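There are structures below to look over.
The same chain A turns up in both complexes below, where it pairs with chain B and then with chain C.
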Partner chain A sequence: MLEDTRYEVVKGRIFTKTFMIFTFFVALMVILLGIRFFKGLGAVTNLSDGYPWGIWIAYDVVVGSALGCGGYALAILIYILNKKEFSPLMRSALLTGALGYTMAGFSVIIDLGRYWNTYGFFVPSRWNPSSVLFEVAVCIMAYTLVIWVELTPAVAERTGWDRRKVEKVVMIAAVLGLILPTLHQSSLGSIHLISLGKLHPLWHSGFLPLYFLSSVILMGYAVTSAESLLSSMYFGRPYETPLLKKLTTYMVYIGFAWILMRFLELLLWGKLPLVFKSGLYSVMFWIEIALFLVPSYMLWKLRGELTPRKIFVYSIIYLFAGALYRFNVYLIGWNPGDNWVYFPSFMETLITLGIISFEFLIYLAFVKTFPVLPAKEV
Partner chain B sequence: MAEEKPKNPDRREFLKKSAAVAGATLLPGMIGAKTHYASDEWYAMLYDATRCIGCKSCTVACKRVNNLPPETEYDGIHDMAMDLSAKTKTIIKLYKSKNGEFSFVKRQCMHCVHPACVSACPVSAMRKDMKTGIVFWDPSRCIGCRYCMVACPFEIPKFEWDKAIPHIVKCDMCKDTYLKEKGTTACADVCPTGAIVFGKRYELLFEAKKRIREHPERYHPKVYGERDAGGTSVFYLAPKGISFEDLGFPDLEESPARISESIQHGIYEIVIPPFLTVGALYLVLKRSKKEED
Partner chain C sequence: MNGRFIVDGVHEGMSRRDFLKLLTIATATMGLPVSFVKKLEAAIKAPDRPPVIWLHFQECTGCTESLLRATNPDLAKLIFDLISLDYHETIMAAAGNQAEAVLTHMMEKNAGKFICVVEGSIPLKDGGIYCQIGGKRAVDILREVSEKAAAIVAIGNCASFGGVQSVDPNPTGASGVLDVVKDKPVINVPGCPPNPYNILATLLYYLTFRKVPELDKYNRPKFAYGRRIHDHCPRRAHFDAGRFAREYGDEGHRSGWCLYQLGCKGPVTYANCPTTQFNDIGVWPIGIGHPCVGCTEPGVGFHLPVRFRVKPQEVVPPEEYPPIKTREGKVTVAGVAAASAALGAALGAAGVAASKLPDKEVEKHGGGKAEKS
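Showing the complex of A and B:
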């Protein structure tokens, strides 16, 4: 299993300048959250009866958890397709995932108007299996736990816990780590099946769960590549270029397949004229498609001669593609009526920035405390 | 662990068979969305736009009975709600066409037959009383996720954005107030022209169709709510020449909850079992191979 790979702790102080900048944004968020909890959601957000969900859901939860799917996407390669060579990337991908999911959960609590009733998810008489959000909530809670369990070997290596015991639990976690994201990441698309009539037909489709699931796997590989290159650069470590080159192949496959599926559906359901006739929606649709197409084409064309910089750039474009697709479904293509508008407020955006900063903070502290990044070849 | 008992072949056979029977009866019922039927006994309301004079007595009565504050943001001396809100559960709007034809329209919760809000609510805080058909909100369960607002095709549930302890607000047919005391809704009771009628669902549907039949020159030929969005318990009659889309109603053949539930259930019941089966087989094969080695 993963244990063939060697990992190491990054050396260096935790409290660096970068660390302090992130701390500043986190502090700012704490103050703003005080306003949110004492004065209500309206005091800090631009949410309205027309747009009950804003960037805290579209970005922090939906995109945020998608960015946390690196571990899941790699697990498909490693455990199902048996490509063990990707194991060195796994642990840091799991860390990003654990942080992404924990922060997504944190954002949900901030966003929930009546958070004190959340215990209802553990009261069977309140369960509503018809609700897509019920499934999403339960799966995300469970997966957040699972992903931290998957990280325990890193802690065990440092603290000297019994490895055998840990491995057994981790095996179960690994299986759940394959099932749970498949369920809830597709369901994050299914959530808007019920927006029939509100979500523009360019996005409303029975294939929403499939589009969300396939693009999240793509985003998982992209975020793993970007994160690996970024941490190599920041900590002055060697780039994992050969491994990441292989990973781009899978991104290209999914990228092209995704665009093909999208157009095939529009064609078969007779929605193709909408791609030109829908004004702003058409523009957003084409930007979304371009963001998927450009990196797929370029990565395919450059196959042999990919440099770390190019892999990084195209991975980031893929992340924007997946993020824009999610924004299109959750906000831009979602129209409750022309008398409503939504654009995030300054404070709302600062809270999101605070959450992202918090993620970076923990990442930096974690990799300097526990062995997460692949060990340098000696 | 208990001692291994010799297994009774008859009993095993019986268990197998009963499992098969249970599976065969349960599975078809679980696949796809349930069909939702309206009960004749459900409470309902009929709004006849040709009788409404726009006096807004209904809005005032609703606020008085249900303890809702006025909305005086406009100039400080008028209760002037522009739309339904957390302070206004019902409102009279006016539609005016380019050629000057106009019609009032009352808006409030439609108390759908297959409500999207109820289907969406993850913690069953939004429920439909199957005796009365009333769709109501339960503050003891609500987590404030606002998925009901996202899901509702009529934009009905509203949220108290300015409160630290916010409520979801929508019409509940005066279930705990006027209906309890007087046996009708406040808006229907005060309406001076009989534009709003409270009654049983089947009676009102019959009445609505009768009005169209007797005065086809006066009415739009359709009763909105009979089948729209999967059927509602609030029916609308529009004046001839004005469509329901003009009055702000969505053109939905079925409840949005239907597509959501059928795909969601479909994924669970049609896609997942084969994967689980393949997975289980794989594990069995792997194990037996290990034993061979």
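Showing the complex of A and C:
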């Protein structure tokens, strides 16, 4: 198999207090989704003709799928750069990815005004292959399937299926798992190429696909680090500090490169003055840059003496950086006309919280049912 | 003779299709939903529908002419089928004492039930001696008939506001019905002549609902007189754009531009002429290039010269244009609170988690605290 690492099932009851809190939010979401599906988007959201995409796309789909890219980012390291030592992190990263992508796909259906037309996606005669959105939809749906397939060894180990049969499928899935996110994560940036005139020039750029793709790899490493540290702490398991330290190196590279690209583009396209002249947009731009710069600098400066806490904190900052960049492109820097305003409604936010809670819920249940986290060395 | 000039059998002389078509037009004129066509039909077919007594005073009979010459479908005929017209001096065969006898008879027989239609103004000067029928003064006839009537419908500008005869110096003291009758409901259907559909619709409304339709301050039914001609004028865009005909036959006039400079009274006149139009072929004064003279408006029609330019009630064309950009979307306090709380919770949770993570090199097997379960 591609990985020789041993994994183990986390011992413990599934129905803990934390689990119940998440269940509460999920239950709340189910009720609100009932309202949304029967009474329409207007009954639940603050979406409008000016802002047809709100927090459900900006967070649940774009940031949500980016947070699910841990498996993809690790696969680049493990399979392309042949850094096999990162394999122990792979399965849990895949699990977060599977959950992130499944809920991203689900969010798209929630967000579709005429969700009953979703079936058209499975009817080739109704496809529009020239559409970036179509590419995103195909890839996200395919990749969701791929991640779950990549997770089947965990299920196989638990249920006692023949692992070798599973592995053949998993091999193909692993290859697809490298291709698909490259395509659609960059496409999530390509979508906004069309927003020329609506997306503020600080963010609108021909390099949007590159920015999205590179920052998603960074976010993938960051989310893997944070998730690994959190699960180690929560389940009382050893910290993967040495591995994570190596991972931070890649984050620093990408982080600095990303900032460099942004400024290079602004400079070469003559947009540099905008970083001071655009009011709120300038502020948001600088917060975004700072969120990329601070962890990159700190991780580079502290590279020898990193502790679990420091890795966690800077990983989280990276996640906020990537998330803010995506919010800036999808909502904050995006202006359909000065007469439009958008801020997510109470119920809209609760549904997003419900989706996040659902991911935590399944994660907690999954790692206690199937071997996902790396085995303790005895 | 029983006083009915033409038989009241609804289906005689017209097909059911034509009949319903007419009722639909009348219903639409009243601004009622199509479901009311059936109610109208029932009211017309009801054996006890109130008869109509039609009085003529100082006038040109143009209103009756207008009714008689309506063509869609055979309105002149239909009106007698539809309403039970028991007395009409112009078109009844009877004359002289015989006619007067019919009037008295019908009035006594239907006391308190019939509708009295008045066409023409009532002269009040010198005791009302300037218009007499059968030796009776118009004002006395009106008082006598209106006393026994259920409601009075004043047809035309004369009966409504005095008409052309009431223009200064008003030698006969010509007055509208409202100046004479104070104790009965009076519906004014002004115009010179009024649109036949407005007359018909007003009568049918009363027959169907047995009440007076909603009226404006001049007692005109709002369904027909509720809107300003200027606001529904097909030439309104020319007014707003400043394209005016300045002389009859000039380029603007021939191009169908706004007739305001020629004295059109549309800006101060309320009627449904632009939408209902006349003669069933879609003509009306402004449509054929003549300025509106304001014949439905007291103090405007006949009182102001045709060439006189009225002051538009709205000097600036529209009060306000619909904005090109309207403020859309909303920000709710609860939404901001929820989003802030969610962000805060995320930061807080990250903070708590960070504080629990060891800030020192840990042994590979170190591990955190055990899970509480």
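Criterion: the second predicted complex is superposed on the first by the 375 of 378 C-alpha atoms of A that agree within 3 Å, B and C clash if a C-alpha of one lies under 4 Å from a C-alpha of the other, contacts with A are read in each partner's own complex, and residues count from 1 in each chain.
Basically, a contact is a pair of C-beta atoms (placed from the backbone, for glycine too) under 8 Å apart; a residue touches a chain by one contact, two chains touch by 3 or more.
Computed from a predicted structure; not experimentally measured.
After overlaying the two complexes on the shared chain, residue contacts for A:L243 are found with neither chain B nor chain C. In the superposition on chain A, A:M261 contacts neither chain B nor chain C.
In the superposed pair of complexes, A:G50 makes contact with chain B and with chain C alike.
Judged by the touch definition given at the top, the superposed model places A:N339 against both chain B and chain C.
Shared-chain residue A:K198: touches chain B; no touch with chain C. In the superposed model, A:G42 makes contact with chain B only, not with chain C. Contact with chain B, but none with chain C, is seen for A:S186 once the two complexes are overlaid on the shared chain.
When the two structures are aligned on the shared chain, A:L112 is found in touch with chain B, with no touch to chain C.
In the superposition on chain A, A:F121 makes contact with chain B only, not with chain C.
Residue overlap on chain A between the chain B contacts of one complex and the chain C contacts of the other covers 48-50, 337, 339. Listing the residues of chain B that touch chain A in their complex gives 83-86, 116, 119-125, 139-147, 149-151, 153, 155, 158-166, 250, 252, 256-257, 259-261, 263-265, 267.
Considering their complex, residues 325-332, 334-339, 342, 350, 353-373 of chain C touch chain A. The residues of chain A lying in touch with chain B in their complex are 37-43, 45, 47-50, 52-53, 111-115, 117-118, 120-121, 123, 125-128, 130-135, 137, 186-187, 190-198, 206, 209, 336-337, 339. Remark: chain A residues 12-13, 16-17, 46, 48-51, 55, 229-230, 232-239, 241-242, 305, 307-310, 312-313, 316, 337-346, 348-350, 352-353, 376-377 touch chain C in the complex.
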